[in-house]
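By letter and in written order, the chains are A, B, C and D; residue numbering begins at 1 in each of them.
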């Protein structure tokens, strides 16, 4: 059993987003999703700092300090893109105009509660950004996160203990182990990585899961994660 | 591929249902999406609530929608303009319900609906008959009226140029209510004078980003 | 004693507006103010349909059906002008960004209440337009109206009987007889036309007036009103 | 004649008073009106409340304002970014009050202040610690939090080009919070890369109409 790496998780999320969608990617792991969109889909990426139709720079492309995404990293614009100010940008988010938000998580509860902005033991200042806007604004909230924390504790829990970002807002969770959908009838496992049994998955999960009758193996291409020069992790990168 | 282009006004409005709330851009005849209104009128839909600034001139566009009996209620600020004969006849005969709303309150209520704001407070109309029945609340010693958001099932708008992603730009004062209405509905249909190639509209100059627009149809040339 | 004509009233209002002001002109008589602005003042006219920096067409200038003012009449733009949509336009009005609104009136009460949108005996539909936005939004509301109705009844009254546009909102009234300012201490006459006594003016006025110590004669140039082809008066033209 | 041009950043900020609420545009370093902030910091004003998205990087711009002890309180959504050392030091020492506000709620509260709306309802932050102490009200079966408008005494913004009437255009993502903050204060000061002749900015493309802007000062060239 080999859990997915970050790129494979991003790839899996990318392949869940249908052609023609308007999508916001949260800072951190979600930002990688843009790199794995299937070529045959027109997806319009929204960045809360006022961009629609952005993409990551191509290798070797010159960065422009005036053209950055919500993670403050340089991007480029596709033909058909548009710039707008923050009030209009959050009108889009809060008014239900985005099809998907992809967010990281510290905890997702069985009822869909999400906590992803503040740890309890943190002595330093909190930082919420646009997460609380996105959780209620986007039509569907997709979460991308490791199935378990480094200490092995589950991120999908019975009840969230951390300060919430939003209540009952998560639609689907993409982890390195599984794809799990929140339904009217609880958390349903749609896909699991090969070599993992449902009981093993349940053991690693705080919330009660149910295996879909038509569940599938969670298979992605090999997508090695490049070593990047280490840098101080930004708050909000989950 | 995202392609929001439609061939005709008729095709663009074909699935609008009876009883819909329809936001309509324009200010008088300037920027009125006349051909979309006429195509909708031709379908003889029934029971519409229309939200717009004026109540049409003559028997085309908004006037035709009313003439054809499509409209049960109009929400507007200034129904009577020269030529608003259809409105006047129906209104005086008691066949059309009128909700009179200050012009800025229409704009702000529609924007609120677009922005996920269910209600807001405004000084406008405080102490007047148009505030009757509305909640009044004092902030910092001044009274304000609570207004609810308006959300459309459909918006019909007119723009100058558009592209297949639904990005729109306007020409001069035809902008008026069009970008506001375009944001405010579940299904937004734009008539434009010209559909251009994707990328021809400068991202700095797009007024209505395509995220708000579902269908774009190219009609007459501007000033033709 | 010769009351001012409409052009002279508009001229007088125009000369009350200082250089650098942002001004909205209501539909009807107020629209004439734009024609009489002193040349040495930069005044930016706002039109609620989304224009800043507009002017009336010059004689012989070709009208553009896409470029009209709030009265739906063709205008031109000055260098430095801008277009914007209705929500932004009324943000300007309601957020206190305009220095002056010039409005017509059916009645102005002693306490500054204004009625200018609906007559009681009207069988036809009301029409409010942007008047209720302007009365509370502009920093100062200037009223331009005849001193008396055709039947001789005063427009400046003790208490308004018509449906209000706004309460305690009028700053100054420019009539064909006088310039009257609303102060913390009641209605004060700043200027009167020559040949009219204060008692005569008070007789023609419903509200109690007080003559300013430093009052001046109300003098304007000769500004004949051109005969225009008569047309059906628009609702809201007062 | 309307001439909002000022020669230097120092001149532009010379009369900003102690205790002012100052709205500051920008998103991280992009679009941050750094030179205006630095000029204000050099005056060693005291007791400012600043409203902005991030809490500065390094010891310039917003960071310098804090470093110089000008700021008592910061209202922002995401204080910590790489290099926000001044903020972190002051915050952890209890020398800086922080009001944490969701990013969209900052934008909407400032816009409300600009639009004469004293309060509005939003779903954002409902059921979270950031809604504690705020009024919650149900509309159509869903709970919303009431948020109050923010109004600035001063706004400091950065734009690409401006003219003597105060019209502004931006370049790409430097737009971000700048047009919002520009609308939201009694005194709005813009630093631009280039002041152009009146009429050079196309009225279709103006993003911040001059009515919102009181002073314009030309500083460094873009990307210089």
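We take it that contacts are C-beta pairs under 8 Å (C-beta built on N, C-alpha and C of every residue); 3 or more make two chains touch, one makes a residue touch a chain.
It should be emphasised that the depicted structure is a prediction, and the values quoted were computed from it without experimental measurement.
Engineer: If you walk touching chains, what's the least steps from chain A to chain C?
Structural biologist: Minimal hop count between chain A and chain C: 2.
Engineer: Relative to chain A, which chain has the most distant C-alpha mean position?
Structural biologist: C
Engineer: Round to the nearest whole Å and give the separation of the Cα centres of chain A and chain D.
Structural biologist: Here the centre of chain D sits 29 Å away from the centre of chain A.
Engineer: If you average the CA atoms of chain B and of chain D, how many Å lie between those two points?
Structural biologist: 32
Engineer: Taking each chain's centre as the mean position of its Cα atoms, how many Å separate chain A from chain B?
Structural biologist: The answer is 36 Å.
Engineer: Would you pick out the residues of chain A that each touch at least 2 other chains?
Structural biologist: 77, 83-84, 90, 94, 136-137
Engineer: Chain B: which residues touch two or more other chains?
Structural biologist: 108, 111, 115-117, 122-124, 170-172, 204
Engineer: If each chain is a node and each touching pair an edge, is that a line, ring, star, complete or other?
Structural biologist: other
Engineer: Which pairs of chains touch each other?
Structural biologist: Those chain pairs which touch are A-B, A-D, B-C, B-D, C-D.
Engineer: Sort out for me which residues of chain D touch chain C in the complex.
Structural biologist: Touch list, chain D to chain C: 1-2, 111, 113-117, 163-165, 167, 183, 197-199, 201, 203-204, 206, 209-212.
Engineer: In the complex formed with chain B, which residues of chain C make contact?
Structural biologist: Touching chain B from chain C are residues 47-51, 64-69, 72, 77, 83-87, 89-90, 93-94, 118, 123-133, 136-137, 163-167, 231-232, 234-236.
Engineer: In the complex of these two chains, what residues of chain D are touching chain B?
Structural biologist: Answer in residue numbers: 108, 112, 115-124, 137, 139-140, 142, 144, 148, 169-172, 204-205.
Engineer: Inside the complex, what are the residues of chain D that reach chain A?
Structural biologist: Touch list, chain D to chain A: 27-31, 53, 77-82, 87-88, 91-92, 98, 100-108, 110-111, 122-130, 170-180, 207, 222-223.
Engineer: In the complex formed with chain B, which residues of chain A make contact?
Structural biologist: Those in contact with chain B are residues 19-20, 22, 42, 44, 46, 52-53, 77, 79-84, 90-92, 94-98, 136-137.
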